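Structures for review follow.
In what follows, subunit A forms one complex with subunit B and a second complex with subunit C.
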Partner chain A sequence: MSTSTSTRTESRQSKTDQVKVQESGGALNVFSHAFLILWTLMAAGPLIWVAVTAFRTSSDILNDPMGLPSSLHWANFANAWNQAHIGQYALNSLIILAGSLTGTMLLGSMAAYVIARFTFPGNKFVFLLFAGGMMFPVILALVPLFAVMENFQLLDTRPGLIIAYIAYSLPFTTFFLTSFFRTLPTGVQEAAMVDGASHTRTFFQIMLPMAKPGLVSIGIFNFLGQWNQYLLPLLLNNENESSYVLPQGLATLAIAQGYRGDWGALFAGLTIAMVPVLVVYAVFQRQVQAGLTAGALK
Partner chain B sequence: MSIEKRAAKPPNRLLFFAAILLPPRFTPMSVRYDRRYRTLDKYRFIAGFLAIPLAFYAIFVISPFIQAIYYSLTDWSGGPIANFVGFDNFVKMWNDERFWDSTTTSLTLLVIAPVVTLVLGIFFAYMITAGGRHRKGQAISGVAGSSLYKVVYFFPQVLSVAIIAVVWGRVFNTNAGLINGGLDLVGIKGPAWLGGEYGLALIAVLTVICWSFVGFYVVLFSAAMGGIPKDIYEAALLDGAGRGTTFFKVTLPLIWDTVRTGWVYMGIQALDSFAIVLVMMPSHAMKVTPVFLYERFREGQFGYATAIGVVLLLLSVVFSLVVMRLGNRDRIEY
Partner chain C sequence: MSLKAPPSPAETGGGRGGRAPRPVSRRSGLARLGPLPWIAPVILLILFVVVWPVVELVRTSFLNISISGKNRGSAGTDKYKKLFEETDLGAVLIWTVIWTVVVVALTMLISLALAQLFNQKFPGRTITRWALIAPWAASVLMTAIGFKWMLNQTAGVLNTLMMDLGFIDGPQDWLGKSSTAWPWMMAVAIFVSLPFTTYTLLAGLQTIPGEVYEASRIDGAGTWQTYRHITLPMLRPAFLIGVVINLINVFNSFPIIWAMTQGGPGYDTSTSMVFMYKLKETDIGESAAMSVVNFALVVVLVLIFLKVSRWNEED
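Up next is the complex of A and B:
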C-alpha cells in the first residue's frame, strides 16, 4: 500500500474541494439564514403581536390592528385579572396541577419501579397494559369517561379532574420511567436491602434520588401537558364557570369578548397566560425540548 | 446473634402472620430474616405499589375504552337504559351528510398537514445542522445561533392548543386581525378567513396546525441529524457530493425511521385537531370529525357519539399501518 501517495492526492483534492465549497457555502449560509429568520418571524410574530397589542385600548385595536401602543394601557391587565376572572382561572389551574402533577409523578414512579425492578407473575402483562394505553386517542373514551365520572360523583369536582389528569398521564409516565429505572445499577438497591432497609425505604431514599434526571424530563412533560389540558376540563369541569382552568377560561372569554368587542382585556388575558410558560421554557429550554421529544424518539 | 443461630430457630407461626400486617420496622428480627417472610414482603410491596396506579388506570382509562366498543352498538342517551341496536349507529353515520362533511375535512387535514409540517421541519432542521459556513477541517457545520432558532420555533409546543386557537382566531379576524391588517398596509382588502368560505377556513386551520408543530419536528430532526457521524459526511464530501446529493443520499435515509414515526404522530395530531377547530372556527364555517362527535355528545346522543369515536380510532389505525407500509425501507445501522 502506498500510503504516502494516496494522502498526497487526497490532500490536494480536498484543498480544491474546500475552495469550491467555501464559495457555495457562503451563498447557502445567507440563504439558510434568510429562511430561518423568516420562520422565526412566523413563529414569534403572532405571540409578539398579542403581547404588544395587550397594551392598547380596544378602540385603537379595532381601528388599526397593526399599530404600536401610544401609551401603556395597563387597565387591560386589571380588567383581565379581575373582571374576566383570569386570576381565578390561574388559581384553579395551579390547584389542579399541584394535585395532579404530584399524583402522577408519585404513582407513575411507584408503578414503574415495581415493573422495572421486580419479577412477579404478570409483570410483562402490566407493562404492556400501560404501554398499550398510549396508543388510544382520548376522544374515543370521551363519552364513557363522562359516565364513569358521573357514577363516582366526580363530575365537576376538583378531585375528579385531578384523578382524570393522573389516570391519562400514567401510561406514558410509567412507560418512560420503567425504561429509566431499568438503566439504574442493581448493586445499590441490593446493598440497601442488605443493610436492612425495607423495600419502601429503598425506593424513596435510594432509587428515587438516583432516578432524578428521568423524573425531571417526564415531570416537565407532564407539567406542560396538564397545565395546557383543554379536552378533559371541557368534558369533566364544564358546569361551573368559576371553576374553569386557564385554557378553558380563555376560550370562553374569547367568545364572550368577541361579542362585547373588549379586545384589550382578551389580549391581556392571553399575555398573562402565555408569558410565565414561555419564561419557564426559555430558562429550562434544553430539558423541555428533551422531555417533549422523548416520546417520539423512544 | 450469628446467622446460624437465626436460621436454626424458625419463627413462631403466630408472629409470622402478624408480621404480614406490620411494617418491616416493627417486625421482629427472627421473622424478618426468614426466607418465606422475604418472599411475602416482596409481594406485599409489589401489590401495595401497584394497587393505586393500576386501579386509577383500570377504572378511568381501560374501562372507558372497553365500554366505548360496547356503547357504540347501543342507542344509549346517557340514562340507565342502553338498548343493543347492532350496527345501527354506523348505518346512521353512513347516511349522515354532516358526518361525511366533517370527515372529508379531517381526511384532507390528515393527508396534507403531515406532509407540509414534516417537509418544513426537515428543511429547517437541515438548514440548522448543515447550512452553516464551512469551517476549516469540518465537512458539515451548523448555522450560528442554531439553539436560538430552535428555542423560538419550539414556542408553540409549550402553549395550550386552546390558547393557540384563541390567538390565531384574532390573527385571522376579518376587521382587526394581524393578517388583514398587514394586507391593508399593502393596499389589499383581506378576505373573511373564518367567515364561512370553506377553502379559506381550511387554509387557516392548516396554517395553525403546521405552525404549532413545525418547531417540534425541527428539534426532533435536528437531534436525529446530529446523531449521524461526521465521517459519513466527510466521505460524501470527498466523493464530490453537493449539498443536495448529501441530503437526499445521506441525511434523509439515515433519519428515515424518525421521519416515519413523526409522520404517524403528526397524522394522529391532524386527525385530532379538535380544540383548534372548536375554539377558532365559528361553527358554520367548517367542522372536523372530533367536533362533530363532541356536538352529538352534547346533544345527548351518547351511543352515536361513541360510534363516531370508534370510526376515528379505526381511521388512525389504518393511517398508521399505511404509513408504516409505505415508508418501509431497509433499516440502516450506523
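Up next is the complex of A and C:
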C-alpha cells in the first residue's frame, strides 16, 4: 500500500500537468480506435475470408482468391459433410468432448475443492503435482504415453482418448479452480455442514453453484483446447478413419485438397469446425470474463 | 468409500459419510481420511497418464534403444554426452530463449494495450471482442497452416500483395530462410497467444474498483500516472498468471514451427522442442535426453520468473 501513498504525493505535484494530459487523451483515442480496427481486421479477416470462400466454387476460388461468392454455393458444405465425412468427425468430436469435458470438470473441481479447503498430509505435494503437470507438454511424452495406452488396451478407443484428454486438462483445471475455491466465502460451507449436510451434498449443492463463474470460464478454456486437440488423437486414435475427430479430419482434408483440388469443401469444413466454438462463446460470453476475474486473480 | 468421521446414528440429510455431532471431531476425522476418495481418481489419472510417461522418459534417456524400439541395455550418460556434443545444440538453445522471451514479452505488451482498450466503452466494442476470440476459435494448427499458405513463394497472397504495392521485386521465399522465417513464426505465435492473455488481463482490469480511479482523478493524477501507479500494480496478479502460462505454452510450442518450417532448413528454425522431435528419428535415447533437458528448462524458466517477480514485490 506504499504505492498508493506515493501516488498521491506525486500526483499532487503534477496537478498542473493535468490539462495537458487530458488533451493528449483525444489523440490517444483516435490512435486506439485505429489500433482496434486494425486488430479486428487482422484477427477476424482470415476467418471471415474462410467462411465467405466456403460459399464459392473451387474454380472461382482458384481464379480469384479474394472475390465474393456470385451465388451461395451450398454444395461445398454437402461435399464436406458427406464425402469428406466432416459430419461423422464432428459427431466423434462431440461424443469425445461430452465425456472428456464432463470428466475434466467433475474431477478437477472435486480435487480443487479438497486442495483449497482442507489441510491434509501431502496437500502441498498434490498441489505441486498439478503445477508440475501443467508445465509438462504432451509432445514430450508421446512414446511413453503410447505405451501406457497400449498396455491398458485403450489405444484407438474412445475411452482411451477421453482419459488422455482428461489427464492432460486436469493440471491446469485443478490449478485454476483451486485458487477459485479459495476465494469463496467459508461461512456458507460451514453452515451447511453444521446443519448436517454431507460432503457430497455440500459440494454439489452449495460449492458448485457458488463456483459457477469459475467453472464456466475454465470449462470454455477446456472446450477450446479439447475441441482443437490434434496431437493426442493423432497419437492415440489414428487407426480407423471412421473414428477420427474433427481436427484429424480437417488435416486429412487439407492434404487431400493438394491433389483433388476441392478447395471449396476444405473451406466449408473449416467453417463447420468453427461454428461450435462461436456458439459456445456467444452463449457464455459474459461468464467467461466474470469467471476469469474471480478465479485466476485472487 | 471410507467414512469421514465416526458414524453418528440418525441425523438429517442423505449422503454416504456419517457425521460427528461436534464440529471439532468431524474436522479432525476429515483431515485424516476425507479428501482421499475425492482426489484419488485425479491423482491416479495424473500418475498414470502424465507422471508415468515422465518417469519412463527419464529412464529412456539412460538407455540404448534402437530405432526399431529394441532395448540394447544401459547407455549411462552417453546420450546426454552425445546431446551436448551436437554442434547445432548451442544455436538451438539460444534461439529457444530468444523465441520464448520475444514472443512472451510482445504478447504481454500488446495484450496490456488491447485489454486497456477493451476495458473502455466505445461503439463497436462487441464486434471487436468477437474479433478478439477469433484466433482462439480456429485451432493453432489451422492458423499456422493458413499462414504457411499466405507466405508461400509461388501461390502466397503476401508475395502478390507486396509485389503489387512495389515493396519487393520478385516473389520471396519467406519461410525458406531463417532471417524471415523467425519473425513470421513469432508473429503467428503472438497472434494465437493474444486472446487468452488479453482476456486474463481484461479480467484483472475489471477487478480494479472504480473508486480507486475516482480518487486518483480527484487527486489530479494524469492518465499515464494513474496507469503506472494504480492500474499496473493492481494488475500484477493477472499479469503474473499471463506471463507464467505464456512462458510454458510458448516454450513448449510445437505446432506453429512444425507446420510452418518443420524447423528447417537444417535446424535453423528449430526450438529445443522441435530439435527433440527431430532427434527422435535418429536416436530415441538422445531425443529423450533432450526432452528431460527441455522439461528442466521450463521449470527453471518459470521458477526464475516467479522468483524475480516476488523479489520485486518485497522491494
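Everything below uses one rule, namely that the second predicted complex is superposed on the first by the 239 of 298 C-alpha atoms of A that agree within 3 Å, B and C clash if a C-alpha of one lies under 4 Å from a C-alpha of the other, contacts with A are read in each partner's own complex, and residues count from 1 in each chain.
Note that in this section a contact is a pair of C-beta atoms (placed from the backbone, for glycine too) under 8 Å apart; a residue touches a chain by one contact, two chains touch by 3 or more.
Just so we're clear, the structure is a prediction, and the values are computed from it rather than from any experiment.
In the overlay built on the shared chain, the residue A:Ser32 is in contact with subunit B and with subunit C. In the superposed model, A:Leu107 lies in contact with both subunit B and subunit C.
In the superposition on chain A, A:Leu278 makes contact with both subunit B and subunit C.
Contacts of A:Ile61 after superposition on the shared chain: subunit B is touched, whereas subunit C is not.
Of the two partner chains placed by superposition, only subunit C is touched by A:Val194; subunit B is not. Contacts of A:Gln248 after superposition on the shared chain: subunit B is touched, whereas subunit C is not.
In the superposition on chain A, no contact is made by A:Gln153 with either subunit B or subunit C.
When both complexes are overlaid on chain A, the residue A:Ser71 reaches neither subunit B nor subunit C. In the superposed model, A:Met134 lies in contact with subunit C only, and not with subunit B.
Subunit A residues 10, 14, 17-18, 21-22, 24-25, 28, 32-33, 35-36, 39-40, 42-44, 46-47, 50, 65-66, 107-108, 110-111, 113-114, 118, 120, 126, 129-130, 133, 136-137, 139-141, 143-145, 147-148, 163-164, 166-168, 170-171, 174, 198-200, 224, 227-228, 230-231, 247, 250-251, 254, 270, 273-274, 277-278, 281, 285, 288-289, 292-293, 296-297 lie at the interface with subunit B in one structure and with subunit C in the other.
Those residues of subunit A whose C-beta lies close enough to touch subunit C in the complex are 3-4, 6-8, 10-12, 14-15, 17-18, 20-22, 24-25, 28, 32-33, 35-36, 39-40, 42-44, 46-47, 50, 65-66, 107-108, 110-111, 113-115, 118-120, 126, 129-130, 132-137, 139-141, 143-145, 147-148, 163-164, 166-168, 170-171, 174, 190, 193-201, 221, 224, 227-228, 230-231, 247, 250-251, 254, 270, 273-274, 277-278, 281, 285, 288-289, 292-293, 296-298.
Put simply, subunit B touches subunit A in their complex at residues 23-25, 41-43, 45-46, 49-50, 52-54, 56-57, 59-65, 67-68, 71, 78, 120, 123-124, 127-128, 131-134, 143, 147, 149-163, 165-171, 173, 175-178, 180-182, 184-185, 211, 214-216, 219-220, 223-224, 237-238, 240, 242-243, 258, 261-262, 265, 268, 271-272, 274-275, 279, 290, 293-294, 297, 302, 305-306, 309-310, 312-313, 316. Contact residues of subunit C toward subunit A in the complex are 4, 11-17, 19, 23, 26, 30-32, 34-35, 38-39, 41-43, 45-46, 48-54, 56-57, 60, 113-114, 117, 120, 122, 124, 127-142, 145-146, 157, 191, 194, 196, 199-200, 202-204, 206-207, 216, 219-225, 229-230, 233, 237-238, 241, 248, 252, 254-255, 273, 276-277, 280, 284, 291, 294-295, 298-299, 302.
Of all the residues in subunit A, the ones that touch subunit B in their complex are 10, 13-14, 17-18, 21-22, 24-26, 28-29, 31-33, 35-36, 39-40, 42-47, 49-50, 61-62, 64-66, 107-108, 110-111, 113-114, 118, 120, 126, 129-130, 133, 136-137, 139-149, 163-164, 166-168, 170-171, 174, 198-200, 203, 224, 227-231, 246-248, 250-251, 253-254, 263, 266-267, 270, 273-274, 277-278, 281-282, 285, 288-289, 292-293, 296-297.
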